[in-house]
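Presented sequentially are two complexes of chain A, the first with chain B as partner and the second with chain C.
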Partner chain A sequence: MSAPGAAAAGGSGRSGATADWGGFEDNMQGGGSAVIDMENMDDTSGSSFEDMGEMHQRMKEEEEEEEEGEAGAAEEEDGEFLGMKGLRGQLGRQVADQMWQVGKRQASRAFSLYANIDILRPYFDVEPVQVRARLLESMIPVKMINFPQKIAGELYGPLMLVLTLVAILLHGMKTSDTIIREGTLMGTAIGTCFGYWLGVSSFIYFLAYLCNAQITMVQMLSLLGYGLFGHCITLFVTYNIHFHSLFYIFWLGVGGLSTLRMVAVLVSRTVGHTQRLILCGTLAALHMLFLLYLHFAYHKVVEGILDTLEGPNMPPFQRVARDIPVVSNAVLNTTAKAIALTL
Partner chain B sequence: RQYGGYEYSQQSGFVPPDMMQQQPYTGQIYQPTQTYTPTSAQSFYGSNFEDEPPLLEELGINFDHIWQKTLTVLHPLKVADGSIMNETDLAGPMVFCLAFGATLLLAGKIQFGYVYGISAIGCLGMFCLLNLMSMTGVSFGCVASVLGYCLLPMILLSTFAIVFSLQGTIGIILTAGIIGWCSFSASKIFISALAMEGQQLLVAYPCALLYGVFALISVF
Partner chain C sequence: FAGLADVSISEDIPVEGEITVPVGSHSPDEDYSTLDEPVKDTIMRDLKAVGKKFVHVMYPKKSSALLRDWDLWGPLVLCVSLALMLQGGSADSKDDGGPQFAEVFVIIWFGAVVITLNSKLLGGTISFFQSLCVLGYCVLPLTVAMLVCRLVLLAGSGTVSFIIRLIVVIAMFAWSTLASTAFLADSQPPNRKALVVYPIFLFYFVISWMILTFTPQ
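Presenting the complex of A and B:
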């Protein structure tokens, strides 16, 4: 075993990579393919990763060889050690190479997970004219409920409407200086809107399954998403113009129209009076109550207070609650709490 | 002395398939020759100092391109060239985001974290949406680069907000105008780069929502 060691020791001074094979010469006379593979691996075609490895290996082995020379240990021990180290150096590079391959494979597997998003691709294939037409249609209740109405199964319009609702909510929260104690404004807005869209869609889909209605999940998402158009309009107007009666008019009128449209479509796809009642009653209640909730929970400043504000950038604690019209106790209490918090 | 395997291959002409792609080995086995070294200059540490490329070129920062792209953003009516976004350049957008944060800082709002978070989430959202809407895919770097460049008018808005308050009527009109300018430029570049004619409004609207959130930070 000292001969390969000596050969390795002799050769390692020049180039660490190729010297390692000196140890194998006597062992593998036939030039088996395994040996050639390691050689080819070292003959890289310019991959800087492996050349870095080779450079470091060379520098490491050169300084290790100097150390070993100074130590002056027994020749056999050194020889064996060098032989094993040579093997380890080669093995180290092979391990590094394998890690690189495994890493690349894992990354490409994770990336192919992205291909699952491609399932949604057909739902985003729309033209601006179509989106505009569907937006306007969502406010018009259909008259014919005797045969199933067509629902466009697209997700672009509903997604944009939900994001618009998030933006409007954020704007409303900012203009009324709403303070969210646990969490951020953005997180609350996104959570509320997406939670409503996905959660209520799933719930109504589940009810539709129970009531034997002919509707798919994508259609339900689409229907409810377009139903949020009324919410967007109502909130956009009433967050900026603060008349209470105006809100109630919009709530009943605009909210009611979009609810009626959704209800009509669902009724046309369900048979049986009880089933229709359950499904449509639930949807109507949830939809109208959501609009009510959005108005009162995220826009705490009631109209009378805002009337006293003269200019922009009025600090909150200067708002005095006078001339407040008759409102619910809950709103009054929360407003008082908000003022107390800012003091 | 020659390694057994090599000698065998050089004499008999039998070349293992793996070696087909490499150059024929002309040197001694124990001495690394020039054919052994890689072609890319950056990993050959022993090269001369004069052979190294200039720092900006190595980092990929090309001021001329940055300026061209900035001008494309600033002229909303100028037709965009689809090929300008081929190289992903994040140096310009990084500078613009920092400038945006700095102008907000001058107005008394320390919101670098919000700028970072919103731009990250916004880029991710636009990346998913554009990949779903376009025939050819788009890379994340391209989306981040375009959205970053089109943030430039928003910097004008936040500079204005240092001196004047944006919560009056003029502020609302100015904000709406700037949001429209940003989203129009971004959608124009996206459409020319992804060949999505007729869908400019569909691309502009999500961009408008994203820049609207940035405007919210500037205004309030």
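Presenting the complex of A and C:
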């Protein structure tokens, strides 16, 4: 760094002047007063980085002029003159340096405050046993709705369930040969699942705020996340065994159970009939409709609508049973048929 | 500011100030020394590092070389080759080629980031890029599986080839998961290993699924 060098050069003009910002010693020799003559400073000195280059350029030009002039007698004068200029340059550089340091400190502080993932650390403090227990509990509706039920504010289980749902959706979309025109298959799956989890949680949290329900955002995220367990099971089964009646049984049974659990927990935390009705009705409707949407949106749909232009003998909208992979699906179908027949 | 060093000073004026040589002044010299070497040396050095890490993945021992000098070249190369090999598969039209390439990228990098964040939040001691590095390198067995699948599909696409592909993909998936678990799960407290292993399992399962359901045109 040339700052020490410049300080040394600046110090030549007035001995005892320090390189510290904000402290100028009084014993300035060589024609200068203790007070810096501010009217010599132009507007750009020490104010910004861009002007540093300009100042440096000017100093260089002045040095070159001085070198061309007399060397000996004008040495002292040059020293002084350069001292003033050197001081100004040093001042400017230090101000810019200080501003840079302060800015950097502020930015790193802000970054460590907001981008600190340690904020989320308490929500991931779980044991595998606890996760398993909560998964099973999410299918069991509670009976006691007069007493506020405890909801664990945990985000690991819900996050894993959302990712599992994304994986299952991807599998369903691939086997149904869904063609996404703009965007990727994976982007759609991720967007759908995360959008549902975060969006519906926020919406229900907002409604809960309006209806005076006692629930925090993390608890709502956790509740809805665990409610997706039923969705995962249903979709996993029905994407592989393709029977509409089986899907409706699962929709009502499994989906209904997990919805009932969420509704019961919310009811236990809300007072007043109207509020309970609004909150739980909305949640139940959204949850069940989401499962319905996930199943039907990714059926294998022969692209008849677009093909009618080229193939007039193709029926416009047709559902075709999936046959990928051939072996396992046939086995599963016959097994399911056999079970259905025996029941 | 280097021009100021040429300032001439009169001898009878004492020069004051601090002469401290900042530590960083050595690094320009080092940079110059690696800048001057031939390009072949630079590339070979990086390639050797990547190759060494590939060997570590294929034979997962308890070594820390993969973790210590992490780099993301290997994962990038693997990601690109896997995405290229997955091109031109499934349905019909020309606009399926694009999304599949981006799809593989999104899955691999988004999945790796999520797993890393998850393991950090669960109290892991591994850093962000080290974890990304390990997860990326452990995609190698699956890339090999993809290669084998493509070769098998060249021969035919009946039930036999499906069974062969299934076995190969399952084996490579298990290898990937075990390899990355060997590196990553050690940084966790012992009773929480299952919590870290599950997302890794899911991640490689999704990639394996994409490989298995690949049908060429």
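In this text, the second predicted complex is superposed on the first by the 186 of 343 C-alpha atoms of A that agree within 3 Å, B and C clash if a C-alpha of one lies under 4 Å from a C-alpha of the other, contacts with A are read in each partner's own complex, and residues count from 1 in each chain.
Here is the rule we go by: a residue touches a chain if its C-beta (ideal position, glycine included) is under 8 Å from a C-beta of that chain, and two chains touch if they have at least 3 such contacts.
Because the structure is a prediction, the values reported are computed rather than measured.
Visitor: Give one of first, second, both or neither to describe whether A:G187 is in contact with chain B, with chain C, with both, or with none.
Guide: In the superposition, A:G187 touches chain C alone.
Visitor: A:G281 contacts which: chain B (first), chain C (second), both, neither?
Guide: A:G281 sits against neither chain B nor chain C.
Visitor: Which partner does A:G199 reach: the first (chain B), the second (chain C), both, or neither?
Guide: A:G199 contacts neither chain B nor chain C.
Visitor: Once the structures are superposed on A, label A:G253 by its partner contacts, choosing first (chain B), second (chain C), both or neither.
Guide: Touch status of A:G253: no partner.
Visitor: Residues of chain A touched: more by chain B or chain C?
Guide: Of the two chains, more chain A residues are contacted by C.
Visitor: For chain A, give the residues common to its interface with chain B and its interface with chain C.
Guide: Touching chain B and chain C on chain A: residues 11, 15, 19, 117, 120-121, 124, 126-128, 131, 156, 160, 163-164, 167, 170-171, 174-175, 186.
Visitor: Looking at the complex, which residues from chain C come into contact with chain A?
Guide: Touch list, chain C to chain A: 1-10, 13-20, 22, 90-91, 93, 95-96, 99-100, 102-103, 106-107, 110, 114, 117-118, 120-123, 159, 162, 191-192, 194-195, 198-199, 202, 205-206, 209-210, 213.
Visitor: Spell out the residues on chain A that touch chain C in their complex, using ranges where they run on.
Guide: Going by the criterion above, the answer is residues 1-9, 11-13, 15-16, 19, 30, 56, 59-60, 63, 75-76, 78-79, 82, 86, 89, 93, 117, 120-121, 123-124, 126-128, 131, 156, 159-160, 163-164, 167, 170-171, 174-175, 177, 179-181, 183-187, 190, 324-327.
Visitor: Quick check on the complex: what are the chain A residues that touch chain B?
Guide: Answer in residue numbers: 11, 14-15, 18-19, 21, 25, 28-29, 31, 33, 35-37, 39-40, 43-48, 51-52, 55, 117-118, 120-121, 124-128, 131, 156, 160, 163-164, 167, 170-171, 174-175, 186, 312-313.
Visitor: Which residues, counting only chain B, touch chain A once they are in their complex?
Guide: 3-6, 8, 16, 18-19, 21-22, 25, 29-32, 36-40, 42-45, 118, 128-129, 131-133, 165, 167-168, 198-199, 201-202, 205-206, 209, 212-213, 216, 219-220
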